[in-house]
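Just below sit the structures, each encoded as structure tokens.
What follows is chain A paired twice: with chain B in the first complex and chain C in the second.
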Partner chain A sequence: MAQQSRRGSQRQKAGFWFVLPAFLFYVAFFAYPFLSTVYLSMTEWNGIGDPKFTGLTNYVRLVQDGAMWSALTNNVIWVVLGTAAPIFVGLIISVMLWTGVKGAGVFRTIYFLPMVLSPVVIGVIWNWIYNPLFGLLNTGLRNVGLGKWAIGWLGETETALYAVLLTAIWTYMGFCIVVLYAGLQKVDTELVDAARIDGANPWQRFKNVIVPQIRPVLTMVIVYTVIGGFNVFDVVWVMTGGGPNNASEVIATYTYEVAFQNSENGYGATLSVVMSFVALGAAYLAMKFRRAGEA
Partner chain B sequence: MARTATSQRLFNSTGKYVVLVLMAVIALYPIFQMWMTALRPSNEILRSPFALPSTLDWSNLATAWTTGRFGTYLINSVIITIPTVVGVVVLSCLAGYGISRFKFKGRNIMFMTILLGLTVPFQSVMIPLYYQLLNMGLLGTYWSVILPGIAFGLPFGVFLMQSFFEDLPHELAEAGRVDGCSEFKIFKDIMLPLAKPAVSTLIVFQFMKSWNEFLMPLLYLQDENMRPIPLGLMFFQGAYTRDIGLIAAGVAISTVPVIAVYLIFQRQFVKGLTAGAVK
Partner chain C sequence: MVEVNLKNVKKAYGNVEVIHGIDLEIKDNEFCVFVGPSGCGKSTLLRMIAGLEDINAGEIWIGDKDVTDLEPVDRGISMVFQTYALYPHMTVRENIKFGLEVAKVPKDEIDRRVADAAKNLQLDSYLDRKPGQLSGGQRQRVAIGRSIVRKPDVFLFDEPLSNLDAELRVHMRIEIARLHNRLDSTMIYVTHDQVEAMTLADKIVVLQAGRIEQVGSPLHLYDDPDNQFVAGFIGSPSMNFLPGKVTSVSGSSVSVAFEGGVDELTVELSQNPPAVGDTVAVGIRPEHFTINGTGTKLSVRSDVTEQMGGVGYMHAYTDKETHVVAEIRGRITDLDKDNVVLTFDPKQSFIFNQTGARLR
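Moving on, here comes the complex of A and B:
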């Protein structure tokens, strides 16, 4: 057709000029700094003068860095609970909506609302909920006679991470509900009815008929929360700053401290390189799990 | 209504509504209570933290707006958000169209490179970008968050526009070509107007992303006169830890605009945030 002709291939070249501006922008402020990060990760540099090349020294240090491992452990806890909890709630609520309720659209709008707020705003709101003296949580506990449970949730090393994590779960629940609800719209209800006639109980129908049909959507939600869990920064920084005593430190807050408070740019870069690959690897595994499920 | 019949057995109906309403309360109450608190005088809040306002008191909101500089923060957020959104939308439409409609040398490598950005977090570039912006003389200017903000919006924007243009019928463009229009004119006058739904999704999504951005301005905008709302709110919280009325006022000012935009454009919001997840 026209594409084979000279004029046609001339025409195809126009596409290059459409893509070029975006590509240049992306290279200048994203791809190039990313490659610089990889280079910096093999140097020692306090930001003044030239970086000193040190090979894999930073990576050796990273493997032996206890603070890094405890931060990474917190990320793993975050990824596991921060994925399981909102998906658990999301599945229950979205199936309830899907089975037909009045005002499903209104519920959906409300559930999704926290997701549009800045994590900073959410952190400030929950700082107030957790406030030891006048916060919603402790006031509530005192009112029902559980005053001895009223502790400084964000100030105790045992609870700080989980208190911040609960905030994130609160934010992501609505997202999970809405995405899973959208996935449920494509479920074949005849299959569900057939299973019911065959005597499958509600749990069996859910597990064996509904879940396999929404599996792609479920995987995407998991990829989203897994990547989010490895990269989390804002809400932790606003609520605890990684404290007390590094109890709620995650890789992103640790990287920030190393690079911008201690001026160890080289080692900070090493941390961010490793973090990107951990998130990427986890996301890749989740996608693979999805393909395996389809095959 | 096969679906309703299936449903009745999965859940008991009244119980279902109780759970759904409870969830709605959990999602809304913290925000609602913050707004109510913002409208009460501080001494009254200390006496009974969770009561509703007896009379509306605007003094906390006024103090936050002037002394707390939320008026300035709001303007800064607008100054940063608008050029970022315009940049992302313009560049994404052009690139998405170019990738979906033309076969040229380097097309795949350019596209894959941009798509890789979907998985790379900002933290992975924040350190060298700081020095790059410093060397370019942009550090501490609005450009230091606008330009990287545009670059970071591109992976999703190009992905979204590319998949939208791919699905449009080719015949329309051919008609324009027969009439002798330039490729750019075909794009601008024929194809772009058809892409309105995707463009509005991208606008809303990018608006929200830029409006809520925190780490980038925290690193690159150190002048307190240039702080956007999230950054301003964080420092405001640090300065007035004990005055919950004022903090609530700060939260109210920060949330009302974005919630208003959300309620008006909620379809685009949900589409933008769930695109990729539901395909």
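Moving on, here comes the complex of A and C:
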């Protein structure tokens, strides 16, 4: 027994050495910057000189900041639509691919393609598509006689956010399809057969038999898109920069402007900290919601 | 009256035909077992009857209805799967009633049927558990419960006992036999286990490579196999086959010199006698051998004997190393292992020609 436990403690020590590099990396590149940000969020600092500690002043300002609330509202719209739409459409397409459409492999590659493109490239491509004069969208609308619908999609305050969001949905969808498709490979087809024998129609089979079996993957995708929705920056920045007139402003672009264009690093840090907790909270709720559904 | 009729049913995957035109009639209330080795097409055939697989040619009739193009739910069938196929996220109760809810059966009727099934299958105390919390046998009973409550005309079973341990398999086999007696309905059962086939079936359909080799009652197939495949497949341990050559034919009396034979075997083959010089196989069931008895003699070298108590199985080899199994009643003692003489009644032997067809 003594020998056993000595061997056990040796193994534990070996484990410690294996974990150490990753732990140091985590401390240096996550824990330290995060804690620094929390500290900075309670200071006034223009990036030069020493930060001045101001306690919770920045947090009070944040609560009273209309621009922040408007950006947060856009984030919430982004999270709701940007999660629901790609997952809903992605689920349907992945199930179709899974049921054995001819050339499923080719379709899979096509659908996944947006994921391998950089968000900047995607932003540029969609900027072309949305171009008011020569863009594919407006040209198409004019060609089918819907010229009056051909507007400056990214230049109108009513449409800018949704136009950018559509781009993001297109990108997320590829990810959703591939991950859900991988999840579907584990679905027990005998259960689907059993449901057919039980008389379940395709929708009932999908809802009652297939979806419950891919719940873990679904949860993962939802958490990913929710967190992604709160953190979104690149595609908005490339396409509209948060405009016009802050219509497509999201917290990340707002934070960037505050911290690096207005040089209010302290308040920028406050926005980051709050955003992190909002995203964490939303992801936690999403997971809890899925678990409640499983129980 | 619910008969099941298959008329020249064919199935192909791409260019590969796996079911080659099957005609079969299963009578009302009959317990029909499809049996055959892995890959013979028995499960595919069952899934075709269920409507889970499309067919490429032919017709499937259930009762007086052509169901060839109907969805599974419209065929009046239910099915029990090899892996039980219970919905893991639903409780036992929800699993059993799922089909009824889908069919919009009134709630009180659903409750009544679920309660009946649970009582009959001793599932009362498990109704609120999930399948993951049940043993293999309990899960199988839930699967059976799910198929009973739908009150189908025809029950389909796809190797339902193959995931159970040996003891439970025997127990569930008896439960299924009881179920058949109680429900008085047509059942079609797929298995690769010929013991299940022999004990459960009214009618056995032996399949090989997508074709029916023979159809008949268990004892008919045992006593009167049409070919070497059926003879070898039905019966446990399997029939022994010894290569031989026809030495003389006189009227219906045929003499065969066979491997290990001390003297020639003479049998009456009136229907399709072979010619002198033909290569044949002599089939002898292990249970038809005795040691040093009367009849035709076979000289072998004994290798291993499995003693089961009341009966023993002697594994032996002829001088040309053909494996022979002999079932010996009582104890085997004082045996000169290198010189064992097994004897059998020529009337209990079977002769097959080179294509495997039985010569009678």
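Note that the second predicted complex is superposed on the first by the 264 of 295 C-alpha atoms of A that agree within 3 Å, B and C clash if a C-alpha of one lies under 4 Å from a C-alpha of the other, contacts with A are read in each partner's own complex, and residues count from 1 in each chain.
To be clear about the criterion, a contact is a pair of C-beta atoms (placed from the backbone, for glycine too) under 8 Å apart; a residue touches a chain by one contact, two chains touch by 3 or more.
Since the model is a prediction, treat every value here as computed from it, not as a measurement.
With the two structures aligned on chain A, chain B fits next to chain C without clashing.
Using the contact criterion defined above for the overlaid structures, shared-chain residue A:23 touches chain B, although it does not reach chain C. Contacts of A:196 after superposition: both chain B and chain C are touched.
After overlaying the two complexes on the shared chain, residue contacts for A:212 are found with chain C alone; chain B is out of touch.
Which of chain B and chain C touches more residues of chain A: that partner is B. Look at A:188: by the touch rule set out above, it reaches chain C but stays clear of chain B. Of the two partner chains placed around the shared chain by superposition, chain C is the only one that A:204 touches, whereas chain B remains out of contact.
When the two complexes are overlaid on their common chain A, residue A:60 makes contact with neither chain B nor chain C. Of the two partner chains, chain B is the only one that A:269 touches; chain C does not reach it. Across the superposed structures, the minimum distance from chain B to chain C, using CA atoms, reads 5 Å.
Comparing the two interfaces of chain A, the one with chain B and the one with chain C have residues 190, 193, 196 in common. Touching chain A in their complex are the following residues of chain B: 1-11, 16-17, 19-20, 23-24, 26-28, 30-31, 33-34, 45-46, 49-50, 87, 91-92, 94-95, 97-99, 101-107, 110-111, 113-114, 117, 119-121, 123-132, 147-148, 150-152, 154-155, 158, 177, 183-184, 187, 208, 211-212, 214-215, 219, 229-231, 233-234, 237, 244, 247-248, 250-251, 254-255, 258-259, 262-263, 266, 269-270, 273-274, 276-278.
Only residues 47, 50-52, 71-73, 77-79, 81-83, 85-89, 98-99, 102-103, 146, 150 of chain C touch chain A when the two sit together in their complex.
Residues 188, 190-191, 193-201, 204, 208-209, 212-213, 215, 294 of chain A touch chain C in their complex. Residue ranges of chain A in contact with chain B, taken from their complex: 3, 11-19, 21-23, 25-34, 36-37, 40, 47, 89, 92-93, 95-101, 107-121, 124-129, 131, 134, 136, 139, 170, 173-175, 178-179, 182-183, 189-190, 192-193, 196, 202, 205-206, 217, 220-221, 224, 227, 231, 233-234, 237-238, 252, 255-256, 259-260, 265, 268-269, 272-273, 275-276, 279-280, 283.
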